[in-house]
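Both complexes below contain subunit A, partnered by subunit B and then by subunit C.
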Partner chain A sequence: MTTDSIALPFPATRPATRIWPKGLAGHLVMVLLSALSLFPLYWMVISSLRPANAMFETSLWPATATLANYRYTLRAIPVAQMLGNTVVVSTCVTLIQLLTAILAAYAFTRWRFRGEKLAYSLVALTWLVPLQVVMIPNFLLVADTGLLDSLTALVIPHFASALAVMMMTQAMRAFPGELIDAARVDGSSDWGVLWRVIVPNLGPTLASLAILIFISTWNEYFWPLLLSRSPENTMIQIGIQMFMTAEGNQWGPLMAASTMASLPILALYVVLQRQVIQSFMRSGLR
Partner chain B sequence: MFRASNVTPWLYLLPVLLAVIVWVYEPLGQAAWLSFYEWDMLPDTAKRYVGLANYRNLLALPKLWQALGNTAIYMLGLLPFAVVIPFAIAIHTQDLPAHFRNIYRVMIFVPMIVAPVVAAAVWRWLLDPAHGLLNRAITSLGFHPVGFLSDPHVAIWTIIFITGWKLVGFATLIAAAANAAINPALIEAAKLDGASSWAVIRHIRLPLLSSTALLLVTMSLLLGAQWSFVYISALTDGGPLGATTNIYYLLWDFGFSSGAVGWSAASAVLLFLLFALLAVGLVRLSDRLSFHDN
Partner chain C sequence: MINRRSVIAGLAASPLLARTAQAGLAPLTLDAPVEINFYNYNLATAGLGADATRKMIREFMEANPKVKVNGIGANAAGFIGRVQADLAARRQVDLVQVIFADLDFAVHNLGAKALEDIVPSAEMAANFQGIAPNGLRLGMLNGKTYGLAYTFSTPVLFYNANIFRSAGLDPENPPRTWAAVKQAALAIKAKTGKTGLATGILGASAYDWLFQGVIRSNGGEIITRDRKHMAFAEAPSVEAVTMLRDLNDTGAMDNLDTVGGMDSMAAGDVGMYLNTSAVQGALVAGAKDKYELRATTMPRFGDKPVRPNNSGSALVILSNDPIRQRAAWELMKSLTSKRGYTIITSEIGYLPLRTDIVDDPAYLGD
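Coming up: the complex of A and B.
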C-alpha cells in the first residue's frame, strides 16, 4: 500500500529544521536528571573515603582514600548491631505483612459476606490517617506494654498494611476460579486451597510486595525515632542521625554511616533493578 | 451454604482488622478524646478536662497558622517535582531508543530507594554553608554563600527540593509509563490531519494523561507534607524561626518536645479533618476526570 494515492494537505512529518540531531535534547535531559539523581550518592561514598585533613577538598576523585571514617564510625556507634536490628525488623515486618495480607485477601476473594465492604473500607481508609495524628496514643500503648526501646516495639505497629492487603486482593481476584473449584472437588479445605493452590501461584505478587515492604521498613525513620531509646535497640537510620548534631557535623563518619546504611539496599537494587522498579510502580506512590 | 461460612471470612480477616483497629482507629478516637484534656504525658500526673480550650488556644496561636501556611507551600511546592517536570520529561524523551531509556530508568529511580535520612545527611553535607560543595561553587563564582538550611526565606525551599529530588525520577517513570500506554494510532491520525506537535501534546496526550497526572497531584498534595517530615526533623528541627515547620512537624513538636499532649491531640484532630476533606475532594475530582480514559 502506498500513501501516494492520498492527497495530503501537509507533509506527514515536518522537514527536519533542528540544529541538533534528533533525540539529542532528550538524551541531554535524561543525562542531567541521572547525574542529579546519582551525584549526591557518589559524593557520599567519595567523602566517606577522604581522610580527615582532605575532607573539604572538592576534587571529584579523592587523591588518597582511607577507611578511617569507617573505623571511627564502627567504634562510635554499634553499627553491626544496628544493621542486624534493621535486617531482623525488616524481615519480620515483611513476613508478617505478607501473611496477614494473604489471609485478609483470601477472605475478600473467597466469600461474599455481610460487612465485607465495611471491612475492606476500614483497611483501605487507613491511609487517610497520618502517622502524626495517631502517634501519641500509639506511643502510650507501646509504653503501657513495657516494650519501649525494644525491637518488638518496632515490629508490632506494622502488623498490617493497607497497600499489601489491596494488592494481594487484586492478585487473588485475578486467580482462575476453576483451579479452586477443582481443588475443592478433590476434598481440599479452604485452608488447604489457600496454601496449596493459591499461594504457590502468587509468586510475582508476593515477591514484588516483599521487596516493597522490606525496602520501606529498612528506610523507616519515624517509628524508631518515636519508640527507640538506646543505640543497641534501634535501627541504622537513627544511627546516621547521631552524627548530625547542632554543635557540629562529623562529615566523614556521617557519610560512612550513610554509606553503610545504604549499601544493602543498593546491592539489592543492583541485583534486582527491574523487579524493584516494577514493585514501586505497581504500588503507585505510597 | 453452612452457617459456619459466615464466621470463616472474619477469622481470616481477624489479624488485619485487629491491627488497624489497635494501631489506627482506636488511637484516632483516643486522640479525639485527649484533645479535650490538658496533660503532659507523665503517667503520674492527672489529665484535666478542659473542654474546647485546647482548640481555642490552638486557633489563636500564630504558630499554628504559620505551620498551616507552610504545609500549603510544601504541598504546592512539590507539584513541579511530582507532576510538571515528570510529564515534561516523559513527553520530551519518549522517542529515545528503548536501550537508552532502560539505562536512564535504572539511574533516575535510585533516589526513591535511598533512605530519607541518608538523603538528609548527604544534602546537609552538599549544602553546608562553609564547606559544602554547592556553596564552594557559589563562593568561587564570587557570590556570598547561601544559608540553604539556616536562612528563613530559603530553608523551606531547600526541604521541598530534597523531598522533590527523591521523587522526581520515580514520578517521571510513572508519567512515562502512562505516556507510553497511549495508542500511537491516535497520534498518527492527528499528525495526518496536520496537527502540530504542540497541538498533539495539548489536545491528545495531556487529556489522556490527566488521570495519571491527577493521581500524582493527589499523592503529592496528600502525602507531600508528610514526606518532608524526615527532612524537617533531621535538618532544621522546624526552624529557623518556624520557617520550615509544617503541621506534621508541629504535632510532633507539641507532643514530644513541648509535652503538650492536649494541644498535639487537638491539632491532630484538626489535621485529620482537613486531610479527610481534601482527600474526599480529590477522589471526587478523579472520579469525574477518569471518564477521559474511555
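Coming up: the complex of A and C.
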C-alpha cells in the first residue's frame, strides 16, 4: 500500500487562533492608566459639588449635589481677578522667556566668541539652582525697587530660563545651515536670518516650549506666596491655599477653586493635546 | 553717632507729637495721618477669619480717621518667615499677630516692643481692666508685656455620641481620665471597628501646646519655669509620654496627623478627638445631620488636676517709630476691646479674654 503525500496548503503547525484582537492588552493597560489619571480630577469635581457634611463620603456621585461651594468660593476670594492675574503673568512670562531664549540661542548657535562655551555652561548651570536658593535675593531686589505686591514683580525675575535657552539652542543647532547660508547670500542680516528664516521654521519647538513655560508659570506657588500682599494682586494657586486654615480645611470650596483653576489648563490640553504631549517628550518630562 | 534716645528726643520736638508723658513713650495722640502695616494670618485665609478681621480693621479706621491700616495676610505656617523677609527688605512691620510659641522669638529676634516701654502705665492698666489675668500673662516674658492675647482657644475632647451609643458607652458621661479614655477607645474599636481616639498631639503637624498640656497634667514640664533647664526627660513627663505610647500600642489611639484626625472626626469615623476648640466649626459642619457631636474637657491623669495649655496668638508691636507705635497701640486696643473680642468670638470662633462680655447683652449675651 502506498500513500501519496499530500501537499498541505498551510504549514502543519498553525499558530493558535488569536482570541484577543491584536493590541487589546496594550489598550487595556492604557485605559486603566487613563482611568487612574482621570480619577483624581473626577474626584476633585464631585467633591466640589458635595455639601460640607457629605465631604468625606465615598460614593461616586454625591446624594445631594450643590453649587454652594462655588458660590462661597466666588464670594470668599476674588477668583476671576486671580485667574485673570494668572493668565496675564503666565502669558507675559511665556512670551518674554521665548524672546530671550530665541535671542540667546541664536547667539550661542551662530556666533563664535571668546568664552562662548563657558557662557553656555553658566546658563545651563543655573538650571540646577533651585528657586528657593535665589528666592530671598530676588525678593530683596524686588522690595528695593518697590514692586512688592504687584504683577510686575511676579514676571520680572522670570525674564530668562535656562531650560528655554537650552531647548532653543538645541533646536537651532539642528537647523539646516544651508538655508541660513542662502539667506546670507541674499543679503540678510543676523536679525533678518533669525526672524525671517529660523523662527518661522521652529514652530513645533516654540509651541512646545510655550506650553511648558505657560503651565509651569500657571502652577507657580512659592514666588507669588512670598511677593503677594493682597488677594487682588496674587495668582490662583495662592487663592486655593487660602482655604487651608489652622481651624480646619474647607475642602468643598478648596475643590471648587481647584476645579476653576484647572479649567483653563484643561482647555489648553484639549485644544493643544498633541503639542502638549510633544512638549513633555522633547523636554524629557521635566 | 545718633542713638535711639536722641532720635526720640528729636522727634519729641516735632509738632506731630502732641504730648509725650514719659521719655521713650509713644505720643498720646495722633495729630497727623499715619499709615501702619498689620500682619495677620487670618487675612491669608478665605472665610470667616478674614472677613471678621477686615471688619475690625474697617471699624477701627472709621473711629480713627487719621490712621490707615494695611492688613497684610501671611500664611500661619510661614508667618514668621514672611515677617523676617519683610524686615530684611526694610519694610515697615508695625503690628503682628504672633502665635504664643513664637513670642520668645519675636522678642529676641524681631525686636518686639514691651508695652511698658511705649505706653503710659496708667493707660495700659486702664486698658487691661476686664481682661482675664491669665490671658494677660500669656503675652508676658521676663516681667514685661510684649504681647496682648488676641485669639485664644483651649484643648477640648470632642466625641461622637452616636459611636458612643453603638459601643455601649454613655454619652452623658464621657471619659474624664486618660485611663477611662483608653477603655472607651478600646470599646469603640472592638464594637464598632472605628478609630477610638485621635489627637492633634502626634504627627508632622502636631501642636506643641497640646503635647505640653498632657505633660503638665501629669505634673511634668517641657522646660523649667525659669526657662533655664529642659525637664521633658524627668519622671512625670516620661510617664505622660509612656501613657500616650500605650494608647498607640494597644490600638486605643490611631497615629493620625492633626488634619487627618480632624477630617476623620468630621467624617464620623472617630469616637473621640482631642484638639483645639478652634476646630469646632469644621467639626460641626461635618457632623450636621449625620451624627451628634459633643465635647468635654481634656482628660486628666487619675486624681491630678488637668492643666491644659491654650493655643492662640498675641498682638505684638515691632515698630520703632513712636507715632506708628501709638497707631499700632490704638489698633491693638481696638482689637482687644469688648467689641473686638465680641467679633473674634462670634465670627471667628475663638474664646473671649474679656469674660464680662459673655453675659452682657450689648456684646455676647443672648
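Basically, the second predicted complex is superposed on the first by the 244 of 286 C-alpha atoms of A that agree within 3 Å, B and C clash if a C-alpha of one lies under 4 Å from a C-alpha of the other, contacts with A are read in each partner's own complex, and residues count from 1 in each chain.
Here, a contact is a pair of C-beta atoms (placed from the backbone, for glycine too) under 8 Å apart; a residue touches a chain by one contact, two chains touch by 3 or more.
Keep in mind that this is a model prediction, so the values were computed, not measured.
Enquirer: With the two structures overlaid on subunit A, would subunit B and subunit C clash, or do they fit side by side?
Expert: Aligned on subunit A, subunit B and subunit C clash with each other.
Enquirer: Contact-wise, after the overlay, does A:L41 reach subunit B, subunit C, both or neither (first, second, both, neither)?
Expert: Touch partner of A:L41: subunit B, not subunit C.
Enquirer: Where does A:T245 make contact in the superposed view: on subunit B (first), on subunit C (second), on both, or on neither?
Expert: The answer is second: A:T245 touches subunit C but not subunit B.
Enquirer: By the touch definition at the top of the document, which applies to A:L263: first (subunit B), second (subunit C), both, or neither?
Expert: neither
Enquirer: After superposition on the shared chain, which partner residues are touched by A:L67: those of subunit B (first), subunit C (second), both, or neither?
Expert: Neither partner.
Enquirer: Could you look at A:M55 and tell me whether it touches subunit B, subunit C, both or neither (first, second, both, neither)?
Expert: Both: A:M55 reaches subunit B and subunit C.
Enquirer: In the overlay, answer first, second, both or neither for which of subunit B and subunit C A:I136 touches.
Expert: Once the two structures are laid over each other on A, A:I136 reaches both partners.
Enquirer: Touching A:R229 in the superposition: subunit B (first), subunit C (second), both, neither?
Expert: After superposition on chain A, A:R229 lies in contact with subunit C alone.
Enquirer: Please indicate which partner A:L179 is in contact with in the superposed arrangement: first for subunit B, second for subunit C, both, or neither.
Expert: neither
Enquirer: Between subunit B (first) and subunit C (second), which does A:L148 come into contact with in this model arrangement: first, second, both, or neither?
Expert: Second partner only.
Enquirer: Have a look at 255-263, 273-281, 291-299 or 345-353 and say which bit of subunit C overlaps subunit B after the superposition.
Expert: Among 255-263, 273-281, 291-299 or 345-353, the clash with subunit B belongs to 255-263.
Enquirer: Which residues of subunit A are in contact with subunit B in one complex and with subunit C in the other?
Expert: 55-56, 136, 139-140, 225-226, 241, 243-244, 249, 251.
Enquirer: Please output the residues of subunit B touching subunit A within their complex, sorted ascending.
Expert: 5-6, 8-10, 12-28, 30-31, 34, 41, 82, 89, 92-93, 95-97, 100, 104-126, 128, 131, 133, 136, 165, 168-174, 177, 191-192, 194, 215-216, 219-220, 223, 226, 229-230, 233-235, 248, 251-252, 255-256, 261, 264-265, 268-269, 271-272, 275-276, 279
Enquirer: State the interface residues of subunit C toward subunit A in the complex, per the touch definition above.
Expert: Interface residues on the subunit C side: 41, 44-47, 49-50, 70, 72-73, 75-76, 78, 82, 85-86, 88-91, 259, 262-264, 266-269, 278-279, 281-283, 285-290, 348-349.
Enquirer: Under the touch definition given earlier, write down the residues of subunit A that touch subunit C in their complex.
Expert: That would be residues 52-53, 55-57, 73, 76-77, 136, 139-140, 143-144, 148, 225-226, 229-231, 239, 241-251, 253 of subunit A.
Enquirer: Which positions of subunit A touch subunit B when the two form their complex?
Expert: Residues 8-10, 12-13, 22-23, 25-27, 29-31, 33-34, 36-38, 40-41, 43-44, 47, 55-56, 58, 99-101, 103-104, 106-108, 110-111, 113-116, 119, 122-123, 126, 128-141, 157, 159-160, 162, 165, 190, 215, 218-219, 221-222, 225-226, 237-238, 240-241, 243-244, 249, 251, 254-255, 257-258, 261-262, 265-266, 269, 273, 276-277, 280-281, 284-286 of subunit A touch subunit B in their complex.
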